[in-house]
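For clarity, chains are labelled A, B, C and D in written order, and residue numbers in each chain start from 1.
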Amino acid sequence: MSATEVVFYIISFVMVAGGLGVVLSRNIVHSALALIMSLGAVAGIYVILTVEFLALAQLVVYGGAVIMLMLFALMLTRARERPQALFGKNRPVALAVAGGLLTAFVAGILGTEWAQSNRDEIEPVPFEEIGDVLFSVWAVPFEVVSVVLVIAMAGAILLSQPDEGER
Amino acid sequence: MYWLDHAYVIPAIPAIAFFVLFALGKWLPRGGDWLSIIAIGTSFVLFFFVLEAHLDSVNAGLGGLSNVGFDWLEFEGFKLRIGFTVDSIAVVMLAVVTLVALLVQVYSVSYMRHHGKPEPRYWWYFAVHSLFVAAMLALVLADNFLLLYVAWEGVGLCSFLLIGFYFEKQSAVEAAKKAFVTTRLGDVGLLIGIILFWRATGTFQISEVIAAAQAGRTNELAPVMSDGYLTLATLMVFLGAMGKSAQFPFHVWLPDAMEGPTPVSALIHAATMVVAGVYLVARLLPLFDVTPGALQVVTGVGLTTALFAGVLAVVQTDIKRVLAYSTVSQLGFMFVALGTGAVGVAMFHLLTHAFFKALLFLGSGSVIHMTGEQDARKLGGLWWRMPVTAATFTIGALALAGIPPLSGFFSKDEIFVVVNAGQSDVILILMGVAAFLSAMYMARLVIITFLGSPKDLAVIRRAREAPPLMVAPLVILAVLTLFVGFFAFDQVGDAFGFPGGINNYVYFPLPESFHFDDTIAAATGVASLAGLGAAFWLFWGKAERAQRVAAFAPKATALVENKFYMDDVYQAAIDRVVLPAGRAVAVFDRVVVNDTGINGPGDFTRYGSTWLRRHVTGRIPDYALFMVLGIVAAGALGFLVRV
Amino acid sequence: MPDLVLSEFAGVSLPDWIDALIRIVFVVALMTVNALALIYLERKVLARFHQRVGPTRTGPFGMLQSAADAVKLLTKEDVRPASADRWVFELAPYFAFVPIFLVFIPIPWTETWVVRDLELGFLFVFGVLGLNLVGVVMAGWGSDNKYALLGAVRAAAQAISYELPMLLVSVAVVMVVSARLLVDNGSTLGAVDLNVIALEQTTTPFIILQPLGFAIFMIGMLAELHRPPFDMPIAESEVVGGYFVEYSGIRWSFFFLAEYTALLLLVMIASVVFLGGWNFPFGEDVGLGLQLVLTLAKAGALIFILFWSRAMLPRLRIDQLMSFSWKVLLPFSILQVLANAIILTYDGDEWIVGVTSLALLVLLSALVYVRAKMLARGAERSIHKQPARPRLITAQDVTSGD
Amino acid sequence: MPPLENVLVVSAILFSIGVYGVLTRRNAVNILMSVELMLNAVSINMVAFAVYGRVAFDNTFTGIIFAFFIVVVAAAEVALALGIVVRLFRNRATANVDEVNLLKW
């Protein structure tokens, strides 16, 4: 068991813990912070999978923007001022569903014979190659995604405009 | 010949007029009365074309019959044909209906307005008038039971609407309801009869039905209808005729129908409503003839009605009621004639009666319109106030009384002739009594209305001669009343002599055509004059003799004045039998049909949905849960399928 | 790139973990010293700008002043508001501090003095810098205080909005670098590596080629560091002290540590990226010492500019700040990127790049000047106008809701 | 490098946690967080496949590209969704999805 593997297990433990924090914590802001932890751990997993560029993008987008947006939303919606039940009624069902999904996944994963599971062949992925592929093979989806982003920005601006009579 | 095959245009024109008036009569100038009158006038003019074509075909020996139509519905092995037939009685009826309706409408134009201002629903009055005429004409021309029944009901509906024209008055509403329900009793009978005939013969064509009946009667090899069946069906049809023509048990609605405007009464009594029954029996007379006992029933009913209504007419004090009962009894005469098998005679009396009854009603209408009073006891001495009305009214009265040489005399004399030939002497005597009574009540009416001394000065002071639009129809009708009787003689060969002429091409020719029987003519004349004399003896002046006679037999008087308690009997029947049965039916309807049959499924759906819709909580988490469950199920399915 | 700097420096080779330990200690010590020094320097410089003398009592020229402050802070009681969210409140300083700490990793002090030479160093800097916002927001929200919350929200907002132009101009720079790399050694490998970027500026520092980029980077730096004229998040007069109002003692000093370390590091990055870092005038073959001196000198010059701006410029309004970023800086940086892309794609010479960028910069400053004039003219009108601030829900809103 | 199975299992765990959160949480923002968890789990999966299966997929790093796109789309989605949440809070003064039950009969 190599050092990276140990680090991987540690990071994945952090990730799962963060996820559990997101789902279980009584305080919404706490769960947001837990989400940061979890996503950072995801970035760490990317690093371990030798995709640093993706990891950094993850950090920039999530750690920078998404989490800030979420915290803003929490502030704007007064998550703290109104203490209330954070969980809906259908907890047991959800638990059952999630557990069933998990068992199904794990069964499927462990039940399958993975061709590439041999860990010695893995060499780090240079991000230049990723860039080449992204802008050659995936150029059109890239443009489409940029359009999607523009549309989303317009929509967000429109939505967050104050109503008439405000201001 | 063209118009012989296109006689259906005659009812079509007033029908179109009705729809136009119905749609936009309110906005037409003068309420569209001109439209309705023009329609009827056109029909009247067309009648002459039809008559000419008819006579041509008769003289050409084609029998003057025409039968055009179109297939309305077509089923498996069953074709429903809407057809129009023209024969002599139809032609006579066309004449009567169109002419009388035209005059009545002209009359109505000024009757339905007071001091030049039309009454409310003026346009509606004329619209229904047009529909009434159209329905009657369609009934006349119908050659199959179905169209006839539709027109029949249309006539009933229009009479209902017109009798209840002043539906602000409770009595008018009651009268309309009474007329409708009473005639409905008969109509149900008619419908049953039609259905029975259809069941037996599988057709609605009147001629085919008659042929089948005759075949069933004549040759025993292929009996179509058993005697009982035939009798039942025929009597059911006759029930309808009785209802419409206000024969004995059903006569109660006609006097109350006086609640409507007087021109409407004229139309109903003279041209359209009540004569429909007579016309029906006349058209179906072959059927009655082959039915054992049917003719006797017709005779009996007619005779009873004639006497009964005559007696009642003597004691009535309301002008219009007197006229109503006189109509009833005259219809009785016609039925007696029909019962004797003399279609031509009956139609002839129908014709003359139409004219002088219309005349009488319009005259009384002008009296009522001018004085606003229709109680004979308050009237009197109007002769010099409204001479034309009085004169024409008297002419009509004398004609009804059967005074020679007015038209009534001839037609009634015809009836006596055929009765003498075809029935027992008892019936003849009783008919004489009826004639005596009719002369008596008409004379009484004239005496207490126009002659004698005025009893109510206010009424007298109000009385003026009617406006020309009302007087003109009176005069025309008076002239007709004077001269139409001479149709009886056959001047122009066999064709034009009226009764014989008709008899030549109704379904079976009566042996004798008109011939002037001295003894009978003398007898009827004596009877009528006796009636006149009795009336004068009783009612001239203060009429104390009448009171003494009444006091002589108080019970009988009370009986007569209460119309033999017929209305009470009906009322009792309705209260005791009809309403409880109706309540029972209503309970059944509400409980079984409505709550279970109709609300049941609705309630089931509603409660089911209230229970079912709980899964639509509107809470997004639940939807998410359902979504995930669905995805999981799909995945599991895929997994199972793959493995 | 060589990793074991110490082995070169002191000629001894050590096991990895000791090496790492030594580096950490070195970095932490450097941060502390740097913070103390910068505080002292700032006070002195500001005093000079204000015609004052600044700290004189403690130590020669008052040099020990900030040391005394540090002692005071360390010994001060650590207060936590009762209603504060315990964990968030106490962890916030570290979350604010650690990312800055991480930024140290890819910075080349000299050609070989790098904690860890990351292939994606430049991007790494931004990715990690963004994270300290988390600490800021945690602090603002955790200490149950309206002003703290406002300060944190302001900090987050302006950080996010100024990160974008900075990233974009950096991208522009990286484009130039990769163009040069293509010319030099065929592949664009390592174009995001800070050390490579420094290495590519032997002849011309990128401030010549990307003046607009430099300007925008400096402005964004001011905003990221909450320094005047962009210090709304910590403005005493508006939000009393901002997101660390409730902090005191050692935790408060952590925030300060983070501030000044970030100051140093960003300035270092600016000097490396735009001023050529250790490389520019003399190239690679001068000794370590001279390279270090060069880097620090450039950094010091930039730091002085920052102090100067603090003394010179008045504070903006928060809405002006936001709209300046989104409506002016972002479009211009995008223009810069587009211009570079077009020029470099068609193998334009570098001076064209520089001229375009300069033109853009001139245009930008002209715009700002005209706008400022207009604002000054319509000042009394605009006073009555409310600033467009993020709409917080009022109490009656909430109560009326349910 | 850890074996592929472990990476997949970890991502599966994260995904299930996200599902649980989506199903149980009431606050809309919180649900969004759970959705983010799920998205990240998915992208971990893809990256893992892309990295481990490089040779099999002859260097068209499809999974990694997809991870990029997922990040971008997630950013867009979060921006829009949070806008919606804020708008919702303005109108209904609540961000709890189960208090907004107008979506029914």
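Throughout what follows, a residue touches a chain if its C-beta (ideal position, glycine included) is under 8 Å from a C-beta of that chain, and two chains touch if they have at least 3 such contacts.
Computed from a predicted structure; not experimentally measured.
When chain centres are defined as mean Cα coordinates, B lies farthest from subunit C. Chain-level centrality, scored on Cα centres against the all-protein Cα centre, points to D.
The geometric centre of subunit A is 27 Å away from that of subunit C, both derived from CA atoms. Remark: subunit A and subunit B have CA centroids separated by 93 Å (rounded to whole angstrom).
Measuring from the averaged C-alpha position of subunit B to that of subunit D gives a distance of 87 Å. Taking each chain's centre as the mean of its C-alpha atoms, subunit B lies 110 Å from subunit C.
Shared interface positions of subunit D, defined as residues touching 2 or more other chains, are 19, 23-26, 89-90, 98. Counting only residues that touch two or more partner chains, subunit A has 57, 65, 72, 76-78, 88-90, 93-94, 97, 101. Touching two or more other chains at once are residues 619, 621, 625, 628 of subunit B. In the complex of the two chains, the subunit A residues touching subunit D come out as 2, 4-5, 8-9, 12, 15-16, 19-20, 22-23, 28, 31-32, 35, 38-39, 42, 45-46, 48-51, 54, 57-58, 61-62, 65-66, 69-70, 72-74, 76-79, 84-91, 93-95, 97-99, 101-102, 105-106, 109-110, 114-117, 119, 121-122, 125, 129-130, 133-134, 137-138, 141, 145, 148-149, 151-153, 155-156, 158-160, 163. Interface residues of subunit A, counted against subunit B in their complex, comprise 88-90, 93-94, 97, 100-101, 104, 108.
Remark: subunit D residues 1-10, 12-21, 23-27, 29-30, 32-34, 36-37, 40, 43-44, 47-48, 50-56, 59-61, 64-65, 67-69, 71-80, 82-87, 89-90, 95-96, 98 touch subunit A in the complex. The part of subunit A that touches subunit C in the complex is made up of residues 27, 29-30, 33, 36, 40, 52-53, 55-57, 59-60, 63-65, 67-68, 71-72, 75-78, 80-82, 126-128, 162, 166-167. By the touch criterion given at the top, residues 19, 22-26, 31, 97-98, 100-105 of subunit D touch subunit B in their complex.
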